[in-house]
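Next up, some structures in structure tokens.
In what follows, subunit A forms one complex with subunit B and a second complex with subunit C.
For the complex of A and B:
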């Protein structure tokens, strides 16, 4: 079991601040969803976690040790990213062997099973693989390494629906066999909504949410009905967005409703799903409280 | 077992409650018979891509309600009287779940009691 702690991580590129004093802890054996819009700083954060790029300030600790030039600490963590780090002429099985040099516990048996299930020929050179199979190869490696913390940056990029489902099924299976921490960053929120236990939401370089999926959804509401009555009911509440259709309106509320208020017959209160919550929390104007 | 259960990830209803309901429904319909083993947390987690902690939370509700029982090292099994318990519970809830909603809708539509009664009769004769 490995614990990863981020203390006040900031990152600037030139004059642009990409991450602002981000602090959180990854609990052992938990599946996290790292969510944020394009350019929010998700990939930068994952790269800092694995010491691929340095933070401008702050520190990452892996089991209490700094991750900077610390092979022992970095061996406990694995990042699957969009970047293709393999020589183009290297064959799939050679890539597995090379990975095993850094992660001696690499599970070759699982890797072989997965290449068969995904229909990936291990004798192909990296350069011969399609975008989808680049992702599949990197996913297979991510599931087969013996790291306690596995970071997946857009693991389903280029995968068709069948392969996406297969990947998430295999993820759940290997998680059951050998519980460890996963951090999944993806734009296809509905596909991971059921499997992430915790949400980390980054907006404009700030960590604005760090809570369990269940807690978040339990305090997210859609208040729907005639415009006037809906707005009366949600006045002063934390309305993070709305949709309108003619005079019909849904206000999305994040946080507590006012139990004292009487709900008119024409107005209904429902929950919302993670994707809807995400969209409304990450729209430019909304603020998280 | 893939299509036996269906989960709605867009539903307002928490996923763990959906897990409990789906398994309960499968027991009620006889898909999981008395004394039989139900799929494991891992199987459900894998097949439907639901966090195992969520699946377990749903199963624990059924354990608390006396519908399933954990046999150490083997898995979860349907209790002998589970189906009967569910039947009793659903009978108790029938009025709230169906009649109250029907009356609300009938009022909205302006359907009177006599009309509803004749519709109910029609429903019973139509087999």
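For the complex of A and C:
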């Protein structure tokens, strides 16, 4: 069991601030969703976590030790990322062997099973794989390494619907066999909503939410009905967005509803799903309270 | 209006046959979905269409002329692909100018509007863009060039839900303003189902379907009910897949239902959506008739 702690991590590129004093702790054996709009800073954060790029300030601790120039600590973490780090002429089975040099507990048996299930030929060179199979190879490695913390940056990039489904299944199976911490960064939120136990939401370089999926959904509502009544009812609540259809309107509310309010017969209050919540929370206009 | 014709296009890499005698014609001003599992050969086909890689045999004709060493013909086509073809230090606005050298009708006004809508800073260098913004930049270029035929290979790779929605809207708007042919290769089928007028389905290097979305959905059915009755009813029909839930079963049927069959009261027949149809048509086991 490995604990990862981020203390006040900031990152600037030139004049641009990409991450602003981000602090959180990854609990052992938990599946996290790292969510945020394009360009929010998710990949930068994952690269800092694994010391691929340096933070401008702040510190990452892995079991109490800094992650800088610390192979023992970094061996407990694995980052599957969009970058293609392998020599283009290297074959799939050679990439497995190379990975095992840094992660000696690499599970070759699982890797072989997964290549068969995904239809990946282990004798193909990296350069010959399609976009989808690049992701598949990297996913297989990520599930087969013996790291306690596995970071998945867009694991389903370019995967077809059947392969995405298979990946989620295999992730849950290996998680049940050998619990560890996963952090999944993805834009296909509705597909992973059932998997993730905790949401980390980044907006414009700030960590604006760090809570369990259950808690988040328990305080998210759609208030639907005639425009005027809906707006009267939600006045003063934390409305993070709305949809309109003719004279009908849904206001999306994040946070506690006020029990004193009287709900008109024409207005209904329902829960919303994680994708809807996320889309509205990350709109430029909305603020998270 | 440009017509593109593929005659018996085949492609082998070493011992591996990736495309097998593919023939079809792209009608002017039509939106195509190019669908297929990972590794089916979609990107290879698009690269051959634009002469980025040579076919092993067969020919691509653009308005009756071969596309080989033919800049005039190739100027009528644009391919947005997963490959990053730009020098990493080049800035966004410089990439627009470079594109306009080959596509002199490049719509700078539309490109500027789109960078504002997508929140893309035109002064950033290509290397500084995130995965999602790489796709966004390439999408903006694809919508702004004056090509009659625009091929989009995974245009929403890495895009968040809001940006995917915005991209589909902008695609439909520019298509209405200036009708042309789009070919969209994607794995997010449910999201583009409403956009595409014609489906090209590739399976193991073969073109197995080329038909209008309307026709395809009109002959796709889910037959649902108790296992035994469902299987009796669908015996002899083209069952392309099934789902089970306890003793209940849905058989997915592609092709004409037999009018002579008697439908038991316990069994229902419904239409299915494009994603479901696609998943079942591209399962390893199923055959398309």
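Points worth noting:
As a convention for this text, the second predicted complex is superposed on the first by the 289 of 289 C-alpha atoms of A that agree within 3 Å, B and C clash if a C-alpha of one lies under 4 Å from a C-alpha of the other, contacts with A are read in each partner's own complex, and residues count from 1 in each chain.
The criterion applied here is as follows: a residue touches a chain if its C-beta (ideal position, glycine included) is under 8 Å from a C-beta of that chain, and two chains touch if they have at least 3 such contacts.
Since we're looking at a predicted model, the values are computed, not measured.
In the superposition on chain A, no contact is made by A:223 with either subunit B or subunit C.
Looking at the shared chain after the overlay, A:197 reaches subunit B, while subunit C stays out of its contact range.
By the touch criterion defined above, A:176 lies against subunit B but remains apart from subunit C after alignment on the C-alpha atoms of chain A.
When both complexes are overlaid on chain A, the residue A:49 reaches neither subunit B nor subunit C.
Residue contacts after overlaying the shared chain place A:31 against subunit B, while subunit C stays out of touching range. By the document's definition of touching, of the two partners only subunit C reaches A:136; subunit B does not. Applying the stated contact rule after C-alpha superposition, one finds that A:214 touches subunit B and leaves subunit C untouched. Residue overlap on subunit A between the subunit B contacts of one complex and the subunit C contacts of the other covers 275. By the touch rule above, subunit A contacts subunit B in their complex via residues 31, 165, 168-169, 172-173, 175-176, 190-197, 214, 217-218, 270-275.
Of all residues in subunit B, only 7, 9-16, 41-42, 45-54 touch subunit A in the complex they form. On the side of subunit C, the complex with subunit A involves touching residues 13, 36-39, 43, 82, 119, 128, 130-133, 136, 154, 157-164, 187, 189, 275, 278-279, 282-283.
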